[in-house]
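Okay, got some structures for you below.
Below, chain A partners chain B and then partners chain C, in two separate complexes.
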Partner chain A sequence: MKVTKTTLLASAVAAVAGGAMAEEMTIVSWGGAYSKSQLKAYHEPYSEKTGVTILNDDSSAEAVAKLRAMNEAGNITWDVVDVVAADAIRLCDEGLAMEIDPEVHLAAAPDGTSAADDFGDMLVSECYIPTIVYSTTFGYRTDLVGDTPPTSVCAVFDTDAYPGKRALEKRPINNMEWALICDGVPKDQVYDVLETSEGQDQALAKLATIKDDVIWWSSGSDTPQLLADGEIVMGSTYNGRLFSLIEEQNQPVGMLWDAQVFDLDGFIIPAGLSEERQQRALDYIFFASDTQRLADQAKWISYGPARSSSAPLVSQHAELGIDMAPHMPTDPENAKNTFLYNFEFWADYRDDIDAKFQAWLAQ
Partner chain B sequence: MAALTPISRKPLSMVLPTVAAAGGFLGMFVGAGQGSAFLGILIGAALMAGLAWVYITILDNERVARWITILGLGVIGLFFAGFTGMIVGLLAGWFFAFFIFWLYEGRYRQRLLPYLTGQQVFGHYFFRVICGAIFVFLITPILVVLPLSFNAQDFFTFTPEMLRLDPEGYSLKHYRDFFTNNEWQRSFKNSLIIAPIATVISVTLGTLAAIGLSQSHVPGRRAIMGILISPMIVPLIISATGMFFFYSDIGRFLEGTLGMDKNFVGYIKVVLAHAVLGIPFVIITVTATLVGFDQSLTRAAANMGAGPVRTFFKIQMPLILPGVISGGLFAFITSFDEVVVVLFVGSASQKTLPWQMFTGLREQISPTILAVATILVVISIALLATVELLRRRSERLRGLSPA
Partner chain C sequence: MLVAPLLLFVLFSFIVPIASMLFRSVENGIVQDTLPLTVEALQNWDETTGELPDEAVYDAFVRDMIVAIDNKTHTRLGSRLNYEETGMSSMFRRSGRKLGKMDPETDGPFKDQVIEIHDGWGDPNTWAVIKTHSPAVTNGYFLNAVDMRRTPEGAQSQPEDKQILIKLFGRTLFMSLVITGSCILLAYPVSYLLANLPMRVSNLLMILVLLPFWTSLLVRTSAWKVMLQQQGVINETLVWLGLVADDARLVIINNQIGTIVAMTHILLPFMILPMYSVMQTIPPTYTRAAKSMGATNWTTFWRIYFPQSIPGIGAGSILVFILAIGYYITPEIVGGTKGVFISNRIAYHISSSLNWGLAAALGTILLAVVMLLYWCYDKIVGIDNVKLG
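Up next, the complex of A and B:
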């Protein structure tokens, strides 16, 4: 009896330990449809090619805090982390992400253009490998706006023409810019105005005109849910979420591309990995960020590839069979009036304006 | 129950305001759904008081009045809110037809003691209404989840098709997703590995600790008890942060010095952390059972030559088993439900079901979570029912009447 028990236990231990001996890496991302697009475009082909098992950890939202804690505890369990550009800049400044040399670590374009030129302006930090361009923009209920669907972002501030609740993100970024634009500030002067205390007050005063009608969201899934429920007439969220809402879920929702704000999302590799894990992470990045892979991701979600050489390869949606190009935020038709998120400005002013914004919210 | 008190008809001055209040209460919810709660209160109160007045003074025929109310409110509901509105209307009609005559004929006193004052009668029914309200508040959030998990859309919304009870609006796709999606299956498997092992550890250690601490000669037993129970008292997020750093060091030792596999160490860390959280529950329940345990039984066993181990398994254990089992159940549920500690201590390969639900809820509101919740509710009910049946069976076998 005793022998059997011990053998059983030993074999159970061996099974758990042995089963995990295969090569494995943990990739952190945002979850939902976005993780699925990465799974289809990057993870599955990579696993097939190399035999490495990829584990998903949907923790990108708290990536900065967790990486800091892991670094402090000396126990980094992540191999590749998907973050937005602003987080990548912070992590790089704090030495939590490893520096990447585009010429060495990233693949050149098929026509021989070097990776640095192919990504161009998108390489906003030495540690960052951007993969997609996404935008934060507005969706509206087509059945609640009457015969005149909104064409300008200022419809958000026009509660007479478009009565009802609107959803805005619970942070100053983007909201302050939109408020100033709709208060008559020319687009190229927005950040100059926002630098000053009066300019910030001006933006908050404009937001105050609709404060009673705003539902503040904090997760990218809130606005689609509210739009599907018909609780709001319009709301801001990431364009990929709206695409999924309109084309995949067939909800009566329209896109308002005006004054969409571009941002980047992509990979970093945590600093301080063991040699073996770092090599594996670099190998994965080299594969996942090449021209064809970035174009493949656009088959699954409507975010634009960060490489210019990938754009012509963007084809149709893998399941719906519709052309993806017109749904890309970078499509010329959609990008007539766009706004580039100013990383440097927000890196410098974020803490101050955040505090002011939160105080204003609580009033 | 037979009638206790002879009844008599009540004056309109008492019936009408009560019916109006009930009507206003219902009207408030209906009105809030249609846009104006205040208007709803007014219309509900006026409508019900009017009906009551007509029935009592003009119609005075309970059967006819009942059918008029049920059908009338059903048609109104159908007109305003379709099929579900009709069901709500029919139910409301049935209730008010009963309620008006129940009050007017004085039937509410029928089963109460004859000498109760009006205030006491009111108190009696008020207490029941409050109890009912508490029950509704406890159970509705769970019940709402069940139909939504069969939603054909990917949102937490009752679609018009669902409200019409159209089969098109319902689907099993979220259940299919749960059973076919790798991420859900992996986390389900992890939960099934981690929770039972953590439970076994906490039950063993917790029972031993409770027995030791129940001996009067143990020095400083109150202080020891306090320390052992502290994981239950300290806010979870604080424990989790501490555990993160503590287990990181242990993990480094196990991996680096002993050369154990990374994933295996990950499981050890989460299991130990969950066992620590479960131990206080076991200690508390077992200590409570030990209060009623007669120590002279162990002395009698020793007197007959049984060693302490044999005494424990043959004498003490069977008697305190109910406490051990309920402590074990709590420990199991603690581990099975736990999300904060596993987010800190575990890594992606130890992702448990609550972790998957938590991230799923934050990044993408997918009704798969509701399907999982429904499955878990069904499992918990089955589990608790089984334990209760077994307990009754063992009590019956031992000749006790079930409590």
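Up next, the complex of A and C:
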């Protein structure tokens, strides 16, 4: 009994001391399985190490608009925000995210490789600390495709061989690229073609051949749901969603890794934080983006770490006990034919092509 | 004095935000604030000649940009101008680093150096865009909102393949009317029943009407997805009954039908409640009197009962129509491509493209349309005829 009392007292003192330093930070992310993977790999070890309490906010989908509103109101309540690369670029351009120097703010790899080299091409914006590589790719119903499961992304456009509905995202990004690739444009010329008005029309014309067979999705959970219901024969979505559909829910669904489009997800720190909060956010980022932490996240979700030094450390799924490496979009077997998403192109052309795309959809 | 707290609350939570939204749709200080010297120098340049501006403009531009890069506002201007001319965003971003290193006093002349950094600066159109969009107050967003754009030669319509907003405005109005109409048709018999049943029974039925109110909007919309999709409850039942062939299942979701069905269901209580409370006040003696004087059931209903219930229809219609016109979650989920509303575009510009000026202009037009329709309604039906009870 006496021991318990002492422990209680000690923890009370510790709590008071902790409270006096107001060690609390708000981290914004996407919620669901993704937030859970971050909680396990980053938040819990960080809280244990430093005593900082981390509050989760699942607002990443509206992060760009909310950060701008906070910035205009002069009251920023978020400390670290998880966003996709395109949003990070936009936030950086708008002056809403703080610039990061990888040499100063990020940990070097265990073998001494500098952070800038370890992340390499993944550092697509000066404000961005990417943590995972995810891909947008196709899943198909194994029981609806007959004896010849699709092996190429162009199966999406082949309604004779694979009749039935397909799901595509209700935005031009990725769809335009796939359409051009399947219309015979070489992969390395896709963005040169897409820059021109004729190229955009060409992509839309190709999409028009399957327009009546497409269900357009806007939320990442749509395609897995439609696949599970047998509503569609194939559909695009994030590879982690398909992993959970296939491995965790045992649905008759196969993955078509062909022409998967890599994209990034990671952290930004809002511009205009107080010195103290900024230091804390930077300290968290330094911890959460190191080699081991990025590899740890892959135990919980099938997204590849953004550092090259993390890849060999990827181990087994924490609950299912299966090897995660073969489920990574970056695994050599899966990455035989990948497509590099051009961030700068879309930062420029997103609004223009989106207007065209939406007008085309509404026809 | 006693209303002062409420007045202040309404002022700060309602009137001020709306006013600031209206203002945002014409506000365009960013070009002048970021490039003050350049805008001034461009006044002396005639964009119609098709020639590049002279050294004075480039000199002013370098001076402006050095300040802007210091404050990190140049990329923000780039995104603003990218709404008008695709490619401006990366031009400002890419040029930033090199321009920031220049010294305005010693490094001139700048014209060739700036064009060397990015050939976009050697395109007269770039400067024409900056000049066209330099005024601090602009009609550009409103023009964009009606599928037009501001050009050096004045307002022009957008290329045909980018025209979508007017179509969406039209569709929003049309579908809101259809939804209001179907709500009236469904709600009238229900309200009549509720108003004429004994209190005990009608209270019970009222709970059934109100039940959807206590369920989340998203849950209700998702439930419609389960009902309407091709492998969904309705299609499965029809196929099972043999009314529909297995390979010709009805397409009743991801199109206008889906939106109309789901929104009619969601908005139905807003129609039933005012109708019900108006019908309750209609004295049953009137209809009895009519019948006792030999009127048929139909005549009694049409000449006596129906006119007295019109205020309820009016109130319900206004409520449902105004709510419908601003809906966006439901059309987004069940509307597919042909069932989306203008508010889906507003949401896109608020949360994805950050083109708040255009979103504000669209919102302002929507507000104006609603007020106009309200005014028409007042002229035709008369707002005094609207009763909630």
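Note that in this section the second predicted complex is superposed on the first by the 341 of 363 C-alpha atoms of A that agree within 3 Å, B and C clash if a C-alpha of one lies under 4 Å from a C-alpha of the other, contacts with A are read in each partner's own complex, and residues count from 1 in each chain.
Just so it is clear, a residue touches a chain if its C-beta (ideal position, glycine included) is under 8 Å from a C-beta of that chain, and two chains touch if they have at least 3 such contacts.
Because the structure is a prediction, the values reported are computed rather than measured.
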Chain C versus chain B on the shared chain A, clash or fit after superposition: clash
Touching partner for A:33 - first (chain B), second (chain C), both, neither: first
First (chain B), second (chain C), both or neither touched by A:95: second
First, second, both or neither for A:57, with chain B first and chain C second: first
Touching partner for A:299 - first (chain B), second (chain C), both, neither: neither
Which of chain B and chain C A:65 touches, first, second, both or neither: second
Contacts of A:105 with chain B and chain C, given as first, second, both or neither: neither
First (chain B), second (chain C), both or neither touched by A:229: both
Stretch of chain C penetrating chain B in the combined three-chain arrangement, among 41-49, 239-247 or 347-355: 239-247
Residues of chain A at both interfaces, chain B in one complex, chain C in the other: 61, 229
Contacting residues of chain B [partner chain A, same complex]: 153-157, 183, 244-245, 248-249, 251-252, 260-264, 266-267, 347-349, 351, 359-360, 362-366
Of chain A, residues touching chain C in the complex: 61-62, 64-65, 68, 90, 92-95, 165, 170, 201, 215-216, 218, 229-231, 344, 347-352, 354-356, 358-362
Interfacial residue positions of chain C with respect to chain A in the complex: 72-73, 75-76, 78-79, 82-83, 86-90, 93, 158, 161-164, 167-168, 171, 229-232, 254, 332-333, 336-338, 340, 345, 348, 350-356
Chain B-touching residues of chain A, taken from the complex the two chains share: 13, 16-17, 20-21, 24, 26, 28, 30-35, 55-59, 61, 69, 72-75, 77-78, 219-222, 224-225, 228-229, 249
